[in-house]
Amino acid sequence: MAPAGPRFGDAIFANVERVNAELFTLTYGAIVRQLLTDLEEVEEVNKQLDQMGYNIGIRLIDEFLAKSNVSRCVDFKETAEMIAKVGFKMFLGVSASVTNWDADGTCCGIVLEDNPLVDFVELPDTCQGLYYCNILSGVIRGALEMVSMKTEITWVRDMLRGDDAFELQVKLLKQVPEEYPYKDDE
Amino acid sequence: MMATTACFIIVSRNDIPIYEAEVGSAAKREDAAQLHQFILHAALDIVQDLAWTTSAMFLKAIDRFNDLVVSVYVTAGHTRLMLLHDSRNDDGIKSFFQEVHELYIKTLLNPIYLPGSRITSSHFDTKVRALARKYL
Amino acid sequence: MAAIYSLYIINKSGGLIFYKDYGSSGRMDTNDSLRVASLWHSMHAISQQLSPTTGCQGIELLEADTFDLHCFQSLTGTKFFVVSEPGTQHMDNLLKVIYELYTDYVLKNPFYEMEMPIRCDLFDINLTQAIQKDRVALLGR
Amino acid sequence: MIGVSKMKPYTNVLDRPLSKGKLEVSLSAFAFLFSELVQYNQTQVDNIAELERRLEDAGYAVGARVLELLCHRDKGNRRETRLLGILSFVHSTVWKVLFGKVADSLEKGTEHDDEYMISEKELLVNRFISIPKDMGTFNCGAFVAGIVRGVLDSAGFPAIVTAHFVPMDGQQRPRTTILIKFAEEVLQREARLG
């Protein structure tokens, strides 16, 4: 198991090729704007953002594994730490922390210390139901699904809605055992 | 010393007003506000020609009406900040324009704001009025 | 000169999604390569079940008289394997490079559909370069 | 709780200082996002021309904002009023900020007076993208063409902007040329300004 300390994520981020965050932020903004125009309903936009995140997540997980060189996590706790300390840092250059564990260790909160997606954003009255960063929840859900973890991810705090932080609740629904392709009953 | 009469508008690239405010200390009068906006709109043609003769954004006073003066600031994207006023305070006006310009950029950068649409944020309005009290 | 004979990529359901021949001595047609892929997928899975140690991740190296087969399976279940001349060194490094190229030029390509055969020019170009580089490095030793 | 002390309290976007443009994210994060932009738009269209138009529209939204931001932040509130000025602004300032480097070249079209070309050996957005054979000459650089058009149009230089692959001698990969064809009114104004 590679060390998942905060500096480990920093070291990876320092070594990957980087681009100006404004290009990223404005491109994401253009996507949200397109969805608002195409789909009209804020609820539909939330769904589509989550779906797009999922599509990214199922691809991005391999990049994460290839470039971070981490091996299989022993449990969900370690997985959550890995997402927060290495994942967010490696891709977005920001730190996140894991909090609010439940008793059986299957549900926690990931709190973002910074969030490049929202740099210029203010939700007008007409978009109050929008989860602007919903792509992030989809990314985590998709990525974890590829390593056999079914999760449910919801925003519990959103600064664009007046909260004091961005916090995602990650709930492990079930850990799918690795499939042996030849079952006896087939 | 605050200007007694001042009317401020922001006009989009397509000549549509996207924000208006009467910011003078004089008592607000409906008919005066209409006249002020009429004068400002009439000055748009002058701005249109002048804007291409200089790379500066602050065009200073470009037109007058009786004792009222029209000062204009043209942004890179040809959004025009226009002020009708009776004061003679170029530096204050310039600072006012520059700070409103920055507020406008922040508004524009918001992906949810459609460029050229009306600025409806009450926070924007509050901040512009505060800047007017500070500089005009 | 040590040589790589061929490269295979198999998706997590055992489908061959990429195959490249770098000059094997025995000619293989498409059917042969598909057969090798599905056979390897099964053997790899069976080896995990057969292994006396728990948490076994499947066969990493198969040594035969006429070839070596080096396999790398990502945690997401995609398998990459190269068939090479017996005794060829550093194939695990090469497989890791290939995995990275796959994450760059396949997974970031909007026109690539997940789990489907890989048809990406840039992946081919960069793969060829990586394998050439590998050969040069071997010659230099 | 770790990290909570670093959280910034909620502030309205108008009260926060304007971005200095120094922050970075990984190229991969952008590449995955861009790939998803292309994939989403593919689901919204029937043909390639339509896909190009939609990517261009997305880029336009970026360009219109970038013009206003960069003239203020990087150009000290100077507007570009001349054709060569705005072209060099796109080729240098915009490219440097968005793509981390000045564009490889800016040339005037040889056949038409109203055409200019900005070329890049490897456009950042195309770094990981291979175009399938059945998509012909389609180029995801349409997004960048849209950014360029957004900058030019907003600055008062309306133009038709398109992205093309151009094969290069001795190179395995074609370069991308962003072709800019200015509207007649732009050239007339240039002539007037002398």
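Some observations on this one:
Each chain gets a letter, A, B, C and D, in the order it is written, and its residues are counted from 1.
To be clear about the criterion, a residue touches a chain if its C-beta (ideal position, glycine included) is under 8 Å from a C-beta of that chain, and two chains touch if they have at least 3 such contacts.
Composition by chain, UniProt nomenclature: A, C, D = Trafficking protein particle complex subunit; B = Sedlin_N domain-containing protein.
The structure presented is a predicted model; accordingly, all values stated were derived computationally and were not measured.
If you compare B-D with C-D, the chain pair joined by more contacting C-beta pairs is B-D.
The mean-CA centres of subunit A and subunit C are about 30 angstrom from one another, to the nearest whole unit.
In whole angstrom, the spacing between the mean C-alpha positions of subunit C and subunit D is 38.
Each chain gets one centre point, the mean of its Cα atoms, and the points for subunit B and subunit C are 66 Å apart. Under the contact definition stated at the top, the residues of subunit C that touch 2 or more other chains are 104, 108.
Within subunit D, the positions touching two or more other chains are listed as 12-14, 19, 28, 32, 34-36, 39, 61, 65, 69.
The multi-chain contact residues of subunit B, meaning those touching 2 or more other chains, are 106, 109-111, 121.
If touching chains are joined by edges, the resulting network of the protein chains shown has some other shape, matching none of path, cycle, star or complete graph. Chain pairs that touch, as defined above: A-B, A-C, A-D, B-D, C-D. On subunit A, the positions that touch subunit D within their shared complex are 13, 16-24, 26-31, 33-34, 38, 48, 52, 55-56, 59-60, 63, 67, 90-93, 95-97, 99, 111, 113, 116, 119-122, 135, 159, 162-165. For subunit D in complex with subunit B, the residues that touch the partner chain are 12-14, 16, 18-19, 61, 64-65, 67-72, 75, 77-81, 85, 154-156, 189, 193. The touching residues of subunit C, counted against subunit D in their complex, run 104-105, 108-111, 119-123, 125. On subunit A, the positions that touch subunit B within their shared complex are 26, 28-30, 32-33, 36, 119-125, 127.
Interface of subunit A with subunit C (complex): residues 58-63, 65-67, 71-72, 146-147, 178, 180-182.
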